[in-house]
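Paired with chain B in one complex and with chain C in the other, chain A is shared by the two complexes that follow.
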Partner chain A sequence: MSAPATSPLDHPEVRQASAWRYIAGFITSMVLMQAALMVTLHQHLPYQEYVFTTGGLALVALLCQAALFFGLDISRAQIWKSVSLVLTIPLFILSVGLTVWMFQSLAQRTMIMPVTTVQPTLLE
Partner chain B sequence: MQVAIQGPWSPLFGRLTLASIPYHTPILIATFAGVAVIGLVIVGAVLYYNKLGYLWREWITTVDHKKIGVMYIILGLVMLVRGFADGLMIRTQQAMAIGPNSPGILGAQHGFLPPFHFDQIYSAHGTVMILFAATPILTGLTNVIVPLQIGARDMAFPYMNALSLWLTTAGAILVMLSLFVGDFSAAGWVGLIPLTELPYSPGVGVDYWMWAIQISSIGTTLNAINMIVTIIKMRAPGMSWFRLPVFTWTTLSTNIIGLTAFPVLGVALGLLGADRYLGAHFYTAGLGGNLMLYTNLFWIWGHPEVYFLVLPAFGIFSEIIPTFSEKPLFGYTTMVAATFAIAGISWAVWLHHFFTMAAGPDVNGFFSIATMLVGIPTGVKVFNWMFTLYRGRLTFATPMLWSLAGLFLLLAGGITGMMLAIPAINYSVHDSVFVIAHFHCMVLLIGAAMFAAVSYWFPKVFGIQLDERNGLMFFWTFIAATGIVFIAMFALGFEGETRRLAYIYDPAWRPMLWTEEAGMMLYIVSIGYFARMLYVSLRDRIPVPADPWGTSRTLEFLTHSPVPFYNFAVTPQVNARDELAWRRDHGLEKTQPDAFEVIHMPCNSAIPFIIGMLAMAFGFGLIWRIWWMFGAALLGIVIAVIIRSFDKNLGYEIQPEEVAAMERNLATAGIIAEQPARKPLTEAEAH
Partner chain C sequence: MSTDAPPTDATKLFHPHFAGHDQISARTLGFWLYMLSDALIFTALFAAYAVLNNPMSAAGGPIAPQVVNPVEGLWQTYAVLGSVATYSLGTVALKSGNKAGVMLGIILSIVLALVFLGFETHDLLGLLAKGDGPARSGYLSAFFILIATHGLHMVFGIIWMLVMLVQIPTMGFTANVVARLINLRMFWQFQATIWVLVYIYVYMIGAY
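And now, the complex of A and B:
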């Protein structure tokens, strides 16, 4: 055993963050989420840009949280967690991407309504 | 925010009233009487033989992976019987309620079950069989076997392992409770939307279904994490990746599926809960909701889930066939690659469950091809097993028979699956009993693997033989019954019978329905043989050596039978892929260590059991909208978790002299032996 078992906090893979990291993580998440909320409420951006902006903000928030809350990096203690997180990306693309494609197809074939009354889907 | 509900509600009892107890339904009263008698007999026996303390110390609070695994399997077997009873009622109703002139009894127009009751039964059947029978039995098997196969002392997180078990148990208890308090969902095991929405299912049935699954699947997810970490981190020295037994490989891939898929189910049901409890509109037809969203999310979990079940079954065949062919597994590397290929593809095929939803030919075409691609790695596996058999020295013991029968079921299920994967065919047989026959071939393959595994590893874990004569009778009657029921069902599918019918409108289906019913009778006979097999084995208790089959190949057969609670007195050094076979070839399989070391073990804990029971109260409170109960249970869980976090228990140590003594007298270390109280380590001793 590398470290004594008595105090879990002595293990780097258990002790994931420190007080300042938690605070920093909390503030960054707050700011980024707030920004996304503002963008949504003000409706200034055209649809396409809007989707990318909010999506981008969510991605940055995710990365901040992974780094600051969970202390994910490529050190020996954390590499397994970081790799696992990265490995979910293909799954994410697969399930969300195929779902979007399917709903796009459904919308075209079943929601036959005047164009002005329907919201565009992600692919339009 | 909280939605208004129909019917009475009181702060103390929520929606629960005396009318929720179905004392006017004869079938349920008889069931209740049966359950009560069995329960009283068990409780009485425990008290009479003064085993309550033993049960508490050695089982309920245990963190030993073997005991947890055995309890998982017992839970699964009990639920298997429950699910079978549901199946029997479905078949009997359909055998009785044929045509407008068929008589009705017990308040039913036709047959013996009114439609609403019938609907609950098939919904419970699917839910119970998939989530509370097959999943726990397989989880239990991996729990028992994998740490032994990789030479570990226990799982990576023994405490969390117990927690998983008790969460799954909490879900199972809720399902059983729905029999006697309120009713169960009538919307199918998949939760047909929008039927599960509050306006269409205003009772508590859907809530039972939803929270039971939700709670138990948290257990399954935690177990998946535990398994993955165990396999990655806890392997004995020398157990490199490409020396891992194939069952361990399939467990790894299956739990990667579990870890990634179960959260999707949690979200799907969570959003349904938001609709039902908070008045959200995720799946409603209007107000921005979308029905298809549910179906999509459900099957994003649902299809990976079927592979979650089938991959361990493939792993079991891959252990048993070499043992009884006296040859190493053919094509180990391709077997591992095929396992991961199946797991990977399983993520891109879910839409084949709703080809008829109206997606375009491009979308359906993509998913059709993706589905058929699964056939390639599966084919690789089948050919590997066949080449393992080829020119092997075959012994047809029960585990081997179950495995071979499983291969035939795989063939039937796989080929009909390929047919269903063709959208043009799917449009004509979707929602017919052809689909039911297809996936029952698949799940019965899993059943065959489970029985194969139980008969293969039972002697190892308990140190006594499993009666072969009754085992063989169990096998033959079960397989014959399967053939009778499901060949007839395929035929009915082609004749156009749709699934979930409480009343059969076409008398032309009668012959096949009666054939199925005859098959069900044979299943009952087979269950009798199963019970007798257990009875005879426990009565005779014929001890077995470390390797009961004489030709086993993997590490778990190196330690004693019954397996001591510390697994291996000295952690083995692994030299080859089939370690035991390697040692046998080198004449080393009987060598004993000449010195023992101190063994460090985790202490028991009552907290997992307490959290499990609180989770059940949490679910019950939500189901009946008894808010105080829900709040108190939630608070209790939080407090229990906090208490556990501050509990600096360091486990205990067994001294070499004690290990030596137990190695000489194995009965004192086996799975049913009671251990003396051992003091936990103190802070000072740990350094």
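And now, the complex of A and C:
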């Protein structure tokens, strides 16, 4: 947490606002989403590779937003936000990953799908 | 704890009205922690969506490829990212105490957020008109709840912005108003982050 400022407008949370960072964050996010859309529309990749490609583009977009929009770094003003985010990310991964894994196991043992309804999903 | 003793560095947090206490930092960190817990709600919804985006959970109804259109979703992505960018740029004007600049950023942000919500409402109402509402199947329940939860966050953000449009001219840039503007910036940027995940996972991977 940072030292107290005399005027609210001198506070580090206010001073960290940056036009170039916000514009760069907007442009980077848009370019990455358009790239993901191009990959989706052309559909040249097998399902697993497609998921990794678009997921990778999303991950880069999220990292760009963390740095350029939120301004997260290890400075005195931002360090505790960065630390709390890093400590929470494993909870996100465990929540989604374990849920999908459990239901994938369940689906393999109990859900006999007709061939006509089979479609690639994360459960496969 | 005794309140007679003057606060030290270790006990300042227990004296919220102490003049040396950094209220803006305390409030922004507290709000950040709230947002992380809010993100866990979305995590649960994404987990439910991952499980239910399956023909066996469709009850004969549509699943993602028949429900979402990634090209239309890109326009929503433009709108929400543009809204976040304009609000964030408004807070650049806050550095110089420029009330008109901050309020212009908020107004542009509200307009783009309404465009986003217009697309979203159109999509959901279209599904309802075809009889594919949230009660139709497990998949549609997960889809509606995920999309609507994000949409409700956007609505709440718009209400918060309208409140700030009143408080900025009447109260000025006091410590309370500045803390609210900074927290609202984080909240609004958080909506763009969630939307990127929704767009990639629901509109793209779901449409494969």
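Keep this in mind: the second predicted complex is superposed on the first by the 102 of 124 C-alpha atoms of A that agree within 3 Å, B and C clash if a C-alpha of one lies under 4 Å from a C-alpha of the other, contacts with A are read in each partner's own complex, and residues count from 1 in each chain.
Keep in mind that, in the parts below, a residue touches a chain if its C-beta (ideal position, glycine included) is under 8 Å from a C-beta of that chain, and two chains touch if they have at least 3 such contacts.
Model, not experiment: these values are computed from the prediction.
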item	value
First, second, both or neither for A:H11, with chain B first and chain C second	second
Touched partner set for A:W80, first chain B, second chain C, both or neither	both
Chain B versus chain C as contact partner of A:T40, first or second or both or neither	second
Chain B versus chain C as contact partner of A:L91, first or second or both or neither	both
Chain A: partner with more touched residues, chain B or chain C	C
Touched partner set for A:A58, first chain B, second chain C, both or neither	second
Partner chain in contact with A:F103 - chain B first, chain C second, else both or neither	both
Overlapping contact positions on chain A, where the chain C interface meets the chain B interface	4-5, 80, 88, 91, 95, 99, 103
Of all residues in chain A, those that touch chain C in their complex	1-5, 8-9, 11-15, 17-19, 22-23, 25-26, 29-30, 33-34, 36-37, 40-41, 43, 47, 50-51, 54-55, 57-58, 61-62, 65, 69-70, 77, 80-81, 84-85, 88, 91-92, 95-96, 99-100, 103, 107, 111, 113, 117-123
Touch list for chain B against partner chain A, complex	232, 260, 264, 290, 292, 296, 300, 347-348, 351, 357-360, 362-363, 366, 648, 650, 683, 686-687
Contact footprint of chain A on chain C as seen in their complex	20-22, 24-26, 28-29, 32-33, 36, 39-40, 43-44, 46-48, 50-51, 53-56, 63, 65, 70-71, 74, 77-78, 81-82, 84-85, 88-89, 91-92, 94-97, 173-175, 177-179, 182, 186, 189, 192-193, 196-197, 199-201, 204-205, 207-208
Footprint of chain B on chain A - complex, ascending	4-6, 80, 88, 91, 94-95, 98-99, 101-103, 105-106, 108-110
